[in-house]
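Look at the two complexes coming up: chain A is in both, with chain B in one and chain C in the other.
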Partner chain A sequence: MPNSGSNSAVAVWSVLRKECRTEWRTRYGLNAALLFAVTSLTAVSFAAGRLGNRTDIMAALFWIVLLFATLASMSHAFVREVESRTMLLLRLVATPTEIAVGKLLFNLLFLCVIEAVTVPLFMVLMGAPPVRWGQFLAVLGLGTVSLAASSTLVGAVIAQTRGRGALFAGVSLPLLLPVLAAAVGGTREMWAANSVAPSLKLLGAYAVALLAASLLLYDHLWED
Partner chain B sequence: MGRRPRAGLGHAALRAILVKRDSEHDDQAAAAAELGVLFTVVATVSGSLWAKAMWGSYWNWDPRETSIFFVLILYIAYLALRGSIEGDEKRARLSAIYSAIAFVAVPFLMFVVPRMYEGLHPDPIINNRGKVDMDPLIRLCFFMMLIGFTALYFWLQTLRVRVTRLERRRELARECDHGPQLGRVGCLAARVGAALLLAPAGREAGQRTGEVTMNFKTILAVGLGVAAIAIGVSSFKQTMTPYIGFAEARKASGLVQVNGKLASKDYVINKEEQYLKFKLQDTNGDVMPVEYRGVIPGNFDQAVSIVAIGAFKGDHFEANQLLVKCPSKYQAMESETGGKHPDGVPQGGPAGPAAPETTGVAS
Partner chain C sequence: MSAASLRLAGNDIAHRFGPRVAVRPVSFDVSAPGVVAVTGENGSGKSTLLRILCGLLRPSRGECVFEVDGCAVEPRRRRLFTGLATPELSFYEEFSAAENLAFAAETRGLPNAANAVRLALEQVGLTPRADDRVSAFSSGMKQRLRLAFAILHEPPVIMLDEPGSHLDDAGRAVVEHIVQTYGPRALVLIATNEPREMALAEQRIELSGRGLERTA
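Up next, the complex of A and B:
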């Protein structure tokens, strides 16, 4: 069934709305993710103390906390469908690409919520020096897009395997290493008052490449 | 050195799976990944031993070391994923998706990210001047190894695929034995026939449904991909600012990496006490005294370029770790005297945008 553009947009929107509604009903995924992020942040803070002037280490720790929170929670968008046996039903009402794009947007939103809690908490607990918000948010935003794109595709694949959640972190990590390298670099430069443009370019290029590849691959996620 | 894991080789086959849905391609991909792990491990271990002998450290996150490590964990993740999927068709499809997305990450892992840092690998092998600048003997060995190991790879690959094919056939035969009294040959023929009939039908149906959206999407995705690679490449050129200058090193509070060459031959070396004192000169001509305590690299006196990791204390740089680069064993003789680019050390910045190696050979 060939879809016109507006139909697809409607389908994507309804998948996104459905995701948000199911999440909001139980808030189980969100609670788990937030708890994990805050716990790992506390662990880091206890272990390293206030790192006031060591902004290079702080940048690394910040992204490791964020990466852990992502790896711990982001597979659930698809795993939940499989566990509640609703995947087939969902596939009846939307094409694979529409489902995947809807879930991608949901994952993006989900990450933003986690970040909204983690970022201020991190800055306070670690005693971070003043942040140049424009540059920081650009790095954070592009990093988030890459994290969400990778987690959506890997999450959809992982939901169909035997191990499900267990394998997610290991399989995602190689894909996220370029993101980690560039994002940590960018954050460090931001605090060192250097130019963040090279890191931003790298992050942007990787995010776009991931999205482009995902868009082609979504069609093959499920066998009819 | 000359061992190159065939990283990208399996990927062509993997993407063929998504389009053609042929289990033979999946067998090829699995065999390529298994051999990839083997070759990568061999290359990593032997390269690491070589690094200990040449640079004085088994592992230093040198660009080539970094990229080969990434490739190794990609292979392992791919095989772990394969192991956890039930059903041949599903395994082929999902692992092909993963390897296609991993294929996107590979150029970034191999070329862009590692190149943000300066490397120690001898640049005569592959360099920005676009020619092989090796000593004739080394060149002979290098290409013999390259051809030999490539041939070995292809031989092992065919063996592996044939074994898989036999296993598949045996499984099929066993299933037929337990099946109804159709006779083994009849059962096999029926299965093969069904597969032949079903495969093209399924493919056509798949194409028809997605045709309209597919075209637009393909164009969009390919365009985005090209743009991404272009941006990635340009960002790699900008990030080639490998080491900090001496002036910055003097001010820095934490550990820093500095790079330069021996300023003069009047260094103090004491192998018993593991003590070394020398003057390091950076590309601006700035000279800084360096003191180092630890195992002294054997080829220190021939060093073309020295990397010191440590901190500036008082009037000198105190190095915790010392890495030396001695490309002379690989370099052709004529380029020793002339035509060699300054210091053998590429710099960042517009004047000398020198990437030491432009393709992923070695490690």
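Up next, the complex of A and C:
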């Protein structure tokens, strides 16, 4: 048969490349996310100055900036396909799991690019105390995976519903709260020179659970 | 392309969207090679039936049989054996025609994607505009691109939903050429009410009802 050679890794890679190319050509999500990150950090910096001794507030601010900078763009990964009526094209060339995993990888990449700009900017503008890089990157990495997995899953589920915008906020909230709580707690403990192990365990378990649930659910998405 | 022993059958297939009847019960049994017209009044469910046959939609009632070499193909794998051109199919406007087809070919895992894209564009007469963005395409050119998408991977089943819509005489000749080329080696289904397209078919599946009726 003509397509028997098709395999999932090739399809996922192709979807990922398509997402990157679309984002590079339109730059809608990237520009909006970077603009939000830079303006919000600059505004806080002007208003409150350097927050070097308030590591609790800094930890919360760091994750809030990351969350809001990226969430709107990541949720649009599927919505854009529905609104531009290209979802049918995707469904004809790949399985729901291949599509979703390709988009999940793109969301991870997208978050990494935003973090590459946001993290140094945050450290400089907020006057953050020295970072224990191993712990910081572990919290950041697991938080990033959890954020990307939850926003991809919610985006996929709500893509073909009416009132997507409102639904996204409602469905995302319970999924994102544990991620944010653990990530903020881990970042705060890292700056306070305490153990981040409990936060890492929670983030790791949550990321694994989200990814496993996603992989189980994706193949049943969009079944009419 | 291999058309060996491909059978497509519907056993009392019907579908409804909530209270609206989309497809009234219909039964048929067709096999490759051949050209089959799916006809019926507006709203009788021609497009819906094609979506059911290629596995995108699960019928509310009845059974769809899709067999290749005597083995049943489950709905989620039918897309591998099917090329669908329908007005509902849209392409990435920020990509060129060739890029859209290349994405489809690569995602499907075609071994020589570039060659498949070139051949498909040639067959629908879009080679001179291959590198133009789809956003600059007319309705007729987008329809030609849909036809190219349907034949890109040389599937054993080609489903053409209103293939002549938006096309000029040259475009309709492309449709006829595709049907005449693939008809002898694949199963070509044409959902249409155009007499010129119906004349291309050897068999016919007639759908009843207008799809405008509601049931309690």
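By definition in this document, the second predicted complex is superposed on the first by the 208 of 224 C-alpha atoms of A that agree within 3 Å, B and C clash if a C-alpha of one lies under 4 Å from a C-alpha of the other, contacts with A are read in each partner's own complex, and residues count from 1 in each chain.
Keep in mind that, in the parts below, a contact is a pair of C-beta atoms (placed from the backbone, for glycine too) under 8 Å apart; a residue touches a chain by one contact, two chains touch by 3 or more.
Being a predicted model, the structure only gives us computed values, none of them experimental.
Colleague: State whether A:219 touches chain B only (first), chain C only (second), both chains, or neither.
Modeller: In the superposition, A:219 touches chain B and chain C alike.
Colleague: Is A:25 touching anything from chain B or chain C once the two structures are fitted on A? First, second, both or neither.
Modeller: Touch status of A:25: second partner only.
Colleague: In this superposed model, does chain C or chain B come into contact with more residues of chain A?
Modeller: B
Colleague: Going by the contact rule set out at the top, does A:171 touch chain B (first), chain C (second), both, or neither?
Modeller: After superposing on A, A:171 lies in contact with chain B but is clear of chain C.
Colleague: Could you tell me if A:7 is touching chain B, chain C, both of them or neither one (first, second, both, neither)?
Modeller: Only chain C; A:7 stays clear of chain B.
Colleague: In the superposed arrangement, does A:157 touch chain B (first), chain C (second), both or neither?
Modeller: In the superposition, A:157 touches chain B alone.
Colleague: First (chain B), second (chain C), both or neither: which does A:51 touch?
Modeller: It touches nothing on chain B or chain C.
Colleague: Taking the contacts chain A makes with chain B in one complex and with chain C in the other, which residues are shared?
Modeller: 1-3, 95, 219, 223-224
Colleague: Using the touch definition from the top, list the residues of chain A that touch chain C in their complex.
Modeller: Listed in rising order, the residues are 1-7, 10-11, 14-15, 18, 21-22, 25-26, 84-86, 88-89, 91-95, 98, 219, 223-224.
Colleague: How about chain A: which of its residues touch chain B in the complex?
Modeller: 1-3, 8, 53-54, 56, 95, 97, 150, 153-154, 157-158, 160-163, 167, 170-171, 173-175, 177-178, 181-182, 185, 197-199, 201-202, 204-206, 208-217, 219-221, 223-224
Colleague: Please give the residue numbers of chain C that touch chain A in the complex, ascending.
Modeller: Interface residues on the chain C side: 1-2, 54, 56-58, 68, 76, 79-82, 84, 86, 88-95, 99-100, 103-104, 106-111, 149, 153-156.
Colleague: Give every residue of chain B touching chain A within the complex, in rising order.
Modeller: Listed in rising order, the residues of chain B that touch chain A are 18, 70, 73-74, 77, 80-81, 84-86, 89-90, 93-94, 96-98, 100-105, 108-109, 112-113, 116, 205-206, 209-214, 217-218, 220-225, 227-232, 234-236, 238-239, 253-254.
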